[in-house]
Amino acid sequence: MQFPSPVSLQWISELIDAKLVGNTSNFATGINEIHKVSKGDLVFVDHPKYYEKCINSEASFIIINKEMEVPLGKALLIVEKPFEAYCKIVNHFRPFVPSLKLIDDSVVVGENSFLYPNVFVGKNVTIGKNTIIYPNVTIMDYCEIGDNVIIQSGTVIGSNSFYYNGKKDRGIWYQKMPDCGKVIIENHVEIGASCTIDRGVSHDTIIGQGTKLDNMVHIGHDTVIGKNCLIAAQVAIAGVTTLEDGVTLWGQVGVSKTLTIGANAVVLAQSGVSNTIEGNKTYFGTPVQEARIKQKELVWVKRIPELWEKVMRIKE
Amino acid sequence: MQFPSPVSLQWISELIDAKLVGNTSNFATGINEIHKVSKGDLVFVDHPKYYEKCINSEASFIIINKEMEVPLGKALLIVEKPFEAYCKIVNHFRPFVPSLKLIDDSVVVGENSFLYPNVFVGKNVTIGKNTIIYPNVTIMDYCEIGDNVIIQSGTVIGSNSFYYNGKKDRGIWYQKMPDCGKVIIENHVEIGASCTIDRGVSHDTIIGQGTKLDNMVHIGHDTVIGKNCLIAAQVAIAGVTTLEDGVTLWGQVGVSKTLTIGANAVVLAQSGVSNTIEGNKTYFGTPVQEARIKQKELVWVKRIPELWEKVMRIKE
Amino acid sequence: MQFPSPVSLQWISELIDAKLVGNTSNFATGINEIHKVSKGDLVFVDHPKYYEKCINSEASFIIINKEMEVPLGKALLIVEKPFEAYCKIVNHFRPFVPSLKLIDDSVVVGENSFLYPNVFVGKNVTIGKNTIIYPNVTIMDYCEIGDNVIIQSGTVIGSNSFYYNGKKDRGIWYQKMPDCGKVIIENHVEIGASCTIDRGVSHDTIIGQGTKLDNMVHIGHDTVIGKNCLIAAQVAIAGVTTLEDGVTLWGQVGVSKTLTIGANAVVLAQSGVSNTIEGNKTYFGTPVQEARIKQKELVWVKRIPELWEKVMRIKE
C-alpha cells in the first residue's frame, strides 16, 4: 500500500520501537510485502534465509531482526519481531473500522448503475457507471468497481487474503497478515455467482478489462488477471499470480501461486498449473503439459499391456 | 423462450431493421439459441460455418447476415449483425427490470412453505408447497420452485448463463448473450448450500424430481438433470448437458457441455466427463473411462519399472 | 445427540410404536447414527447386512425391523420401519422451528465481537469473544463459535448434512436423515469466504483450534478437523472423516468419507484422498500416493516411448 503521504522513518521507528540504521532522515512512501516492493517501500524480514533478498530488493527500508550492513541510501529498522512491527504499521494506517450499514456512506456509485437489495458495500468503495450488482453480493472496503460491470449473486469482492505468518513453536501456528491491498475490477468485467476475489496483501488484486468469470471462481491475493480472459466455473487461482491477456481457463482448473500464464494460453478443464507456462499454446493435465504431448502420453499408457505382451513373447 | 403470443415476422423485421425473405406472412412462436430450437422458432446465425445447420434446423425463421436460398415455409431475416438483432428481440420481451424489494410482489408461495430472513426472490417466481428456503438464498426472475423442495443457504438459482458471443477483433472480445430461459426445480429436490444453478439461455435449466445436490454444486445453462440423481459436493456441470434419471456423481466431478450421461451411471470422485457416456456403468478418471478399465490402467502404470527391468535383462 | 436428560425406553417405544425386548426398564441418554455411537445411545438398523454390527456396537438400544437375540443389558425396539422411527425421535427432540429474525433472541455474543450487517444467526448459537463475522454469513441453529474467530462473507455454518436413506423401489429414492448434530468452531479458527460446514448428523462437526480455511472449502457432516491445520481454497472433505493436528491440504484437494489423515501430513493440490493416510508425509495424485513415489511414476510414464523403442530394436 502507498501511504496517504510520505511518512518519516523517525516517526515509524518510534511507532514500532525500532533501532534506525542507515539513511535515517528519509521518508517511506509505502509498505509492502516482499513479493511486490518498489523504491520508497518499507518491507519486513524475520528469517535469515531471506535477509539478503530483502535488503537487496527494490524496497528502501527494511524492518529486520538483525543488525546488517546497509546499502547506500537504504535504512534498516531493527526490532525483535519484524512481523509484529509490520502488522502494527499496517493496522495503524488501515485500522479495523466496522460498518454498521449495508451501503456505507462513503460509497460512490456512478450513474445508471443498479444495486439489488441485500448488497453489502463497505467503506471507501467506488462503483462505476452502468454496473449491475446482484442480490447478496459483498464488496468489502477500499475496492474499485469499474463501468459496465456485472457481479452476480453471492460473490464476495475483497475478502481477506489467505496469507499467514507460520511458526510451529507456538500454540497458534498461523498468524494472519493484515492486508492493506484492494481489489480493482476494470470496465466490462463480468463476474459469475458465488465467486471470491481476495484483496491484495499489500498490492492490488486486479481483474482486467473485458474479462469474464463463470460461477465459483476463486482469485487469490495480489493476483493480476489480464484483459479479455475467460475463466470457467470452479477455477481457483492462488496468490501473486499473473494471467496475461486473452487467457482461457476451462472448468475446475487450479493455478498455483507466483507464476505467469502467457497471453492467449488455453488450459483445458481440471488441469493443474504449477509453473509459469508460455502463451499461445493449449495445455492439459496435472501437472499441465502441452495438450498434444499429454494426449500422446495418455495413448502410450494404454499401450503398456501390449508392450508387456511383446516382452513376454521375446522372453519365450 | 416462447413468446407470450405468436409475433408477426413483419413486426420483428421492422424491430431489427431486417430484410424479410421467404414465407413473410408468418408468425414466430418463440426465439431460441441454436442448441435447442423447434418449429415456429426464430434463431440467429452470423458465421458461414453454421449457415446450413441453422437454415436446416427445426427453427422456422433465421436471422442471418447473408442472402441464401430459403427452404419452403421458412423465412430469412437478413441483417448486418444477427447477434445484435437477436439481443434486441430478447431484450424487448425480457427487459431488465430491477427489483427493489427482497421478495417481489409477483412471487407466489404455496401453503406451508417457509422463507427464512434475507432470502431474495425476483419477479414472476413461483414456489410450491412445503418448501423451505434457507437464509441468504437468491432466486432470480422467472424461476419455478416445486413442492417439498429444500434450498440451503447461499445458493443462487437463476444466475445468468456463462455464454458469450466471442470476436477477437474488437476491444471487448466477449459480449454477453441475454438469457431468456429459466430454472425449474421439480418436487422433492434438495439443494445444498452455496450452489449455483444458471438459467437457460433460451430454454430451461431443469432439476428433476427427487434429485439431491450437495454443497457448492454448479449447474450450467439449459442443462437438464433427471429424476433421483445424487450429486456430491463441488461438482460442476457445464451448459446444455443431460443427466438421465438415477445418475450419481461423486465429489468434484466435472462434466463438459452438450453431452449425455446415461441413466444410473455412477461417476467416481474428481473424474472429468468430456463425452457422452452410457448408463448403468461406473466411471473414473480424467477423461473418464469405465472404472474397472481405469483401475487396471493404474496397475499397469505401476508395472512400468518391472517391465523396464525385464527389457534390460533381455538386452544383456 | 445427547438428550437433555435420560429418556425412558418405555416412553420412546410408545412414541414410535415399538415392541420393546431385553432390558426394558432402562433410559437412553442419546440417539446417534451408527458411525459414532456410545453407551446409552439409541441407534437404528434396517438392513440385515448391518444387524450384527449395530447390535454389537457401543450403542445400548437398537431400533430394528427383526426380532433378534439381545446382548445382556441392551434392548431392542422392534418396528416395521426403523429409519422412520429414528426420524420421529430426532424430530421430536429437534423440531423445525423457523427463525423470523436475522439474529435470534437466543443468540449469545461475547464481548468485543462484531457481526457485520446481513449476518443470519439461528437459534441457540453461542459466539465467543473478539470474533468477527463478515456480511452475508449464515450460522444455523445450535452451532458454537469460539473466541478470536474470523468468518468471512458468504460462508454457511451448520447447513444440513448430505446424508440420505436410499431405496430405489419407491418414487423418491432418497429420504433426508434429520440431523441433530451441530458445528463447533474452536478458538482462533479463521474461515474464508463462501465456505460451507455441514452440521453433524447426530454428533458434531468440529474445526480445531488455530485451523485456517481458505475460500470455498466444504466440510462434511461429523467430520473432525484437528488443531493448526491449513486448508487451501476449494478443498472438499466428505463426512465422518478425521484430520489430525497440523495437516495441510493444498487447493482443490478432495477427501473421501470415514477416513483419517495423520498429523502433519501434507496433501498437494488437486489430489484425491480415498483411504486413511499416515501423518508426517507428503502426498500427491488421485488416488494419492506418497509424493516422491508419484513423482517417480510420472517420470516412468514419460519413458514408455523409450521402452517401446528398446523392445522394437530387440525384436529386430
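Here the chain labels run A, B and C in written order, and each chain numbers its own residues starting at 1.
Criterion: contacts are C-beta pairs under 8 Å (C-beta built on N, C-alpha and C of every residue); 3 or more make two chains touch, one makes a residue touch a chain.
Note that the structure is a prediction, hence the values are computed from the model and not measured.
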Chain A on chain C, rotation in degrees - Cα superposition, rounded to nearest 5: 120
Self-contact between copies chain B and chain C, residue sets same or different by half: different
Where chain B and chain C are represented by their mean Cα positions, the distance between them in whole Å: 32
Residue list for chain A, restricted to those that touch at least two other chains: 118, 136, 154, 194, 216, 234, 252, 270, 301, 304, 307, 311, 314
Of all residues in chain A, those that touch chain B in their complex: 114, 116-118, 132, 134-136, 150, 152-154, 188, 190, 192-194, 209-210, 212, 214-216, 228, 230, 232-234, 246, 251-252, 269-270, 301-302, 304-305, 307-308, 311, 314-315
Chain C-facing residues of chain A, complex: 96, 98-102, 118, 120, 136, 138, 140, 154-156, 159-160, 162, 164, 166, 168, 171-174, 176, 194, 196, 198, 216, 218, 220, 234, 236, 238, 252, 254, 256, 270, 272, 274, 286, 297, 300-301, 303-304, 307, 310-311, 314
